[in-house]
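The two complexes that follow have chain A in common; it is paired with chain B in the first and with chain C in the second.
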Partner chain A sequence: MVMRQFLQRELRLLARQKADWLNPLLFFVIVLSLFPLGVGPEPNLLRLMAPGIVWIAALLSVLLAAERLFKDDYRNGVVEQLVATRQPLLSYVLAKILANWLSTGLPLVILSPVVALLLNVNQASFVAMILTLLLGTPLLSLLSVMGAALTVSADKGGILLALLILPLYIPLLIFASAAVEAASMVMPYHGQLAIMLAMLLFALALIPMAVISALKLNVS
Partner chain B sequence: MFKWLHPLAKPETVYHLCGKLYPWLMFAAIALLALGNIWGLAFTPPDYQQGDSYRIIHIHVPSAIMSMGTYSAMAIAAFVALVWQVKVAQWSVLAIAPIGAVYTAIALITGMAWGKPMWGTWWVWDARLTSELILLFLYLGVIALSGAFSDRQTGAKAASLLAIVGVINLPIIHFSVEWWNTLHQGASITKFAKPSIDPSMLWPLLISILAFKVLMLALTCLRLRTAILVNEQHRPWVKALAGER
Partner chain C sequence: MINPSTFPVSANQLLLRADAVSCIRQDRVLFEQLCLSVEPGDMLHIAGKNGAGKSSLLRLLAGLAQPDDGIVLYREKPLHDVISDYAANLCYIGHHSGIHEQLTALENLSFWRAASGVAPADDFALLAKLGLAGLEDIPCRMLSAGQQRRVSLARLWFTPCQLWILDEPFTALDQSAITLLQQHFLQHLLKGGSVILTTHQSLSLDYARLTTMEIAYRW
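Here is the complex of A and B:
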């Protein structure tokens, strides 16, 4: 109930500050279009590199969106008030994570067919790419919300955030690109997907708690 | 059990305890390091396959083991710091982090130096090497996060939280050689099975591992003492201490 109101608030804020979620998406597309220019437009090479490129671009654009996640709420005192009310922060945090996924993760999944066309991805690895993005982007949102909560009152948050979260992204990156690579060679990739799902569930159970305590220690 | 742990929450007690322990630990560390490394590097027989270049394991293996051991020590301190709000534990997280980072860097550099003659390359992106590199980034993240806040205590708490989250990487590093088929060899010493390394090489290695452990404890004592003094500089006991000198 409370969570729905928080979610509505987040979505309304996102609808009013379009740059917050449009810029990371634009960034995603721009990074993708830089790769063919950088490594050469050879279609076979691009097809081989596509999974890695897509995932790295996704990581960077999620990171770009993460920096501003709690900044405004912290500056205008919303976080402080929420901590002071002694209500559980869980619904606020979950709404934040869900809104973050809806505004950055989901658009990436929707954009991926276009990306697949641009990078000459074949049918099999295309399906795998969408599946890994569907399983992986919620985990990206969870981790970046945690990073944003940790650094919300830090003096120089931006580069610090990258240093904190990118190491935690790496296991996800390894399994996601392994799944797409296996799919491109027409091999089963259920194992990688299962591990990604396991990581997601594990993170979903524990990360909200870490976010709550991070917010609390930034307020006190 | 908690009766003897409880006084340790008081910074002054820890300061004097560390001061007492430090000379002994440092002496033991230097003696063991000299014994283990000189024995290992100069007096063990060469390996039948790798010749003399295997000798670097006497530095590589202890530092790699302690890169993870130090991280778990740091994470336990972080857990204590956050759950029971013990300030000394917070400071010890920050005292331990650079030690672990240096151990990790030593493990990576010696591994690269060994990899060049053995694998023919300085670096391969296999699971163990990559996860050890992530461990280094985690250490650097903890150090950077602690320094990023204007309030020192908030920084220490945030760094503790990050240290706990990063624990997830430890089993990944440890089991990476078993889960993935990688270039890095499996463990030579395990608790349960007979070690796949000759006793003449095993003993200096075990002594070196112990030496690195004791050295880590000694350095932690030294750094924790400094951290306590810096954080408690306005307390009467520190002023009295400074006045004595």
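Here is the complex of A and C:
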């Protein structure tokens, strides 16, 4: 109930501040469309590199959206006053995470057919790419919300945020691109998907608590 | 006239007490060994020069920061033991307004209704009472500083909390809004609520249990 109201607020804010989520998406598309131009339009080469390229572009575009997550609410005192009220903090954090995924993660999944065309991805690896994006982008959102909460009081937090959460993205990058690569060689990739799901569930259980602690720390 | 049953702390109990608290910021002692107590129905005005430590004291009392020495007690229990009970009974409006500039007055209020656990309701009448009729549906960044402050303080009309801690609530408000707010304080106090606030205005409130505490500016 409270959570639904908070989510509504976040989505309303996203609808009014379109640059916050459109810029990262444009960035994603631009990076991917530059690769065929940069490395040459050799279909086999592109197909070979596709898993890595897609996931690196996804990581960077999510990172781009992360910095401003809590900035406005911190500056105008919403975070401070929510921390003083304590009880609605969990709903607030969950709404932030969900709204972040809906605005940055889900569009990447929706855009993936375009990506597959650009990079000459075959059908088997395309399915794997969608599955890894579906499992991986919620984890990216969780991690970036945590990074944003930790760096919210830092004036120029952008580079600090990148240093803090890019290392945490690396396991995801390794398993996700390994899964897509295995799929392109028609090998089973359940193992990689299972590990990604495990990482997602682990993060889902612990990160909301970490975000709450980080917010409390940053207002005290 | 006093109806204490609506609030968790009844009239003869101690609501909040600070025992010998000290606060140090950047090697400067803002205040030390400071004691205060607040009972239901009390209004405490904290006065002092700019930089004397009024906001820091309010943040200690709101449980947002820890005192460097001493202890804050809610119903005679240390704050960190009963923080969720305390937070549920506290309405803190800090130096910043707590309203998002991109949202309208109505949207901001429905957010704070949800956050304070109050059922959603139509806020048109409330906003009209605060002199914001016709401005309900435009983003708050278009409003003047005083109007934004009014939206922020509108929370006090629906919060169920007993203790209000307000940092400079009168900033940017005009005389009529200040009068309205003070009348609302009076109603809250008569119901058994308490108010702790800082302000540089002199309070025109005629209330026997209004105490003023001066924090001296020290180097």
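Some notes on this structure:
Quick note on the criterion: the second predicted complex is superposed on the first by the 219 of 220 C-alpha atoms of A that agree within 3 Å, B and C clash if a C-alpha of one lies under 4 Å from a C-alpha of the other, contacts with A are read in each partner's own complex, and residues count from 1 in each chain.
Going forward, contacts are C-beta pairs under 8 Å (C-beta built on N, C-alpha and C of every residue); 3 or more make two chains touch, one makes a residue touch a chain.
Model, not experiment: these values are computed from the prediction.
When the two structures are aligned on the shared chain, A:164 is found in touch with chain B, with no touch to chain C.
In the superposed model, A:217 lies in contact with chain B only, and not with chain C.
Applying the stated contact rule after C-alpha superposition, one finds that A:123 touches neither chain B nor chain C. In the superposition on chain A, A:76 makes contact with chain C only, not with chain B. When the two structures are aligned on the shared chain, A:150 is found in touch with chain B, with no touch to chain C.
Contact with neither chain B nor chain C is seen for A:44 once the two complexes are overlaid on the shared chain. Touched by chain B in one complex and by chain C in the other are residues 220 of chain A. Remark: chain C residues 59, 62-66, 83-84, 87-88, 90, 92-103, 107, 110-111, 114-117, 120, 139 touch chain A in the complex. Residues 1-2, 5-6, 9, 12-13, 16-17, 72-73, 75-78, 80-88, 92, 219-220 of chain A are the ones touching chain C in the complex.
Considering their complex, residues 82, 127, 130, 134, 137-138, 140-141, 144-145, 148-151, 154, 157-158, 161-162, 164-166, 168-169, 172 of chain B touch chain A. In the complex of the two chains, the chain A residues touching chain B come out as 146, 150-151, 153-157, 160, 163-164, 166-168, 170-171, 174, 210, 213-214, 217-218, 220.
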